[in-house]
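Chain naming follows the written order as A, B and C, and within any one chain the residues start at number 1.
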Amino acid sequence: MKGTVLYKWIVIITIFLTQFAFAETITVCISCNISSLKDAIALAQAGDTILVKKGTYKEYNIVVDKPLIIKGENYPVIDGEDQGEIIRIVSDNVTIDGLFIINVGTSYTSDHAAIRVVRSENFLIQNVVLEKLFFGIYIEKSNNGKIYHNKVIGDAQDEYNSGNGIQLWYSKNVVVERNIIQKVRDGIYLEFSDNITINENTSINNLRYGLHFMFSNDDLYTNNIFENNGAGVAVMFSKRIKMVNNTFRKNWGTAAFGLLLKEINDAEIRGNVFEENTVAIKVEGSNRIVYSNNNFIRNGYAIKVLGACYANTFEKNNFLYNSFDISYNSKINDNVFQHNYWSSYTGYDLDKDGLGDVPYRPVKLFSYIVNRTPETIILMRSLFIDIIDFSEKVSPVFTPDNLQDMTPKMKRY
Amino acid sequence: MIKIEQLYKRFGKNKVLKGVDLDITSKGIFAILGPNGSGKTTLIKAILGMVIPDKGKLLVEDVSIKRNWKYRDQIDYLPQIANFPANLTVKELISMIKDLRNRPGEDKKLISLFKLEPFLSKKLSHLSGGTKQKVNLVLTLMFDSPIIILDEPTSGLDPIALIHLKELIAVEKAKGKIILITSHIMSFVEEVADEIVFLLEGKVYFKGNIDALKTQTKESNFERAIANLLTYEDA
Amino acid sequence: MLKILKYSFFDLIRSRWSYVYLLFYLLLGCVLLFLNNDLSKAVITLMNIIITLVPLIGTIFGVMYYYNSKEFTELLLAQPVKRSSIFIGQYLGVALSLSMSLIIGLGIPFALYGLFQSNEIWDFLLLLVTGAFLTLIFTALAFNIALYNENKIKGFSYAILLWLFMAVIYDGLFLMSLILLESYPLDTLSIGTTMFNPIDLSRILILLKLDISALLGYTGAVFQKFFGTGFGLVLSISVLSLWVILPVLNIYRKSRKKDF
């Protein structure tokens, strides 16, 4: 018994040492013997490091088929000359670090990416800068990786011929952190990808969504900033997504929203800031969601509810100076509003418990009218509208009469 | 010089002036008389440009007053009802009018004549009717204009002020001015007026001096002569 | 004209009403700020007040001043002063003293509260500009009403009716027509309709600042152009200026023809 244990140890240490001892560094530069990344990969052994010196390397279809660390020094440029895909990783344990990749070929038939990871584990892509791209970083059926501190700067003009910044497809346990993505179609796109953590990314000026979930469950996104996208974040057909401490800002336009929830169940939305969006949160057919401690500031609509949404809870949020706080398109309400602060609340607190003594009705008749005839928006804040809103408040006819915050806070959180 | 030719004015259905012809070329005091509603005030206001005639010519100092306002510099006007902006003091009002006319005025002399010194810094709304009329007179007579129009100048004045007024009118007349006066006090008219302009039914019914009037009506008393004009019309 | 303006202005500045008006705004500003302790909220509430109250005060005050200063006017009419100068001067005297009360009355509490260090300063300035516009417009309309009506009671009634119509009834009719015609494209119609009511126009001007997020949610191309670009702002301000110029021109026209 003892012998076998010892034997095992020796084997482990030997493997470790051989790995360490034989891991070589291969240097690539324009004037070196090895002047292309492809040659370097062909020469390299598993576990080697390829150091790419500063310079411009005109290469595409680079396949990384063994565990390697490819590290750029002073951001060497890999120029794909619009020929197609640039780097494809098909091996586990590959690290790409510090490259400047440009000119990914645009195609209408295949999704060319600057870096594509296919069926591989433990990948790390960091400090990479991507410009003039179609798709940026494309993770395909690959798990347990990390995409860290990259910069994806697209120049997308139209949705139909542009790709996504970071895309995860059938991938699990990936961390996407501290990336900056701008001017692509979707900043980050997740499809059939579970247990993903998305943290501290900045996704701005994208054509479609800053972040987009489809059929992905148990994901977490925190501390991200989504600004001036076609729409901020779209979460669709997914379960148990946690959305914490993100900022959704200035997502303006006819179909724009800060956050779209479509057929989402059991999500948690906490501590986010929604500022100056046309619609801060648009909810369609989503159930059992807890919205707490969020700040809704100066949005057109703070929350727009369409279709059947059941058993949602809105609590301890600040609703500040939104044109409309809540909009419903039906008369039925099965959601709970409690302990929120509403800047347009005009009640009083005689018993001094910090909660208003009169319930607050966040749905105005006018929002119902605007849903029906959108052009009436032009009458917003008219004295006449105030009068009909007031009469609806006194005796609700068109808006759900049980939709009220019985415990509105007197002071904001 | 005031020259009026075929002046017409109607207010709604009410025809007030129906072709007034009037030529005032000589200097002197002209009393414009007539029964109530005969168009005295309208005529005066037309001369002042406050009422805009429908038809006819109106020349002051040979210049048509239509679309003209500068000619008013030639006229001093005493309005009938002395109402002034309530928030101003007497002093401010006087200096304002001087400022508007852009001319120096002999206000000091007139103020002491009417003993208005104690009221100078009082608000106009706090003055009695007689005092207001005195202020009104000061405002009108402090400038030296060739034409003076006085609408009921005697109303509310005490006997002493009335004597001063008559003296002032005499002085102005001596300077060779045209002075138009309306009044209900016939003795005052008889005392001061050189000529009578009698308006009736919106026309000049009589124009001439008092003697001519007396001769025409065969009355020796002025007041009766006036009354005669009215009854003659009725008959 | 400047002389008349000067005298009307000083006359008004000394009147009780200017002080009441000024005090009212001072008080309003203080209550809004120090009771709520929230600048953004105060600005929004203020907006609601400005677009309803300023026109009301402008019309009432304009009509009142006109009738109360009848004697003053008659005194001036006999002076060698242009007629139009008298009325335009008086109008400007009223409108400017009202605007000043508004700006000072609201400006002081907001400045004390620390407006200059906050982001709301532009919203607030826009409010003041709109308030000044509304004062100019409604005082001019009031002068028109008064010029056409010798009868004080009639004049006052028309003034109140004008305000009621512009502030409430117009929008009610507007809303009903939009709902009735909802199957047709309505952007141009609704923007056009707005142009005919200065209160609506001012409201739009403020909406462009406070509610731009909501306004951009609409699909019509005309709305997009109107709200999404500087076009809306420029158009609103130009039409508001027209709303000042046209009634003032009419004061000028009418005052030359009127008998006193």
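The rule we apply is simple: contacts are C-beta pairs under 8 Å (C-beta built on N, C-alpha and C of every residue); 3 or more make two chains touch, one makes a residue touch a chain.
Predicted model, so just to flag it, every value in this text is computed and none were measured.
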item	value
Any chain that touches chain C and chain B	none
Nearest-to-centre chain - CA centroid comparison	C
Chain pair with the greatest number of C-beta contact pairs	A-C
Chain at maximum distance from chain B, centres defined as averaged CA atoms	A
Chain centre separation (chain B, chain C; CA means) in Å	42
Intercentroid distance (Cα basis), chain C paired with chain A, Å	47
Separation of chain A from chain B, taking each centre as the mean of its C-alpha atoms, in whole Å	89
Chain A, residues touching no fewer than two other chains	none
Residue list for chain C, restricted to those that touch at least two other chains	none
Residue numbers on chain C that touch chain A, as the complex places them	38, 40-41, 44, 47-48, 51-52, 167-169, 171-172, 174-175, 178-179, 182, 186-187, 189-191, 194, 200, 203-204, 206-207, 210-220, 223-224
Contact footprint of chain C on chain B as seen in their complex	9, 11, 45, 48-52, 67, 69-73, 75, 77, 79, 81, 83-88, 96-97, 99-101
Complex contacts: residues of chain C adjacent to chain B	3-4, 7, 11, 14-15, 68-72, 74-83, 256-260
In the complex with chain C, residue positions of chain A that touch it	252-254, 256, 276-279, 298-301, 320-321, 323-324, 343-344, 369, 372-387
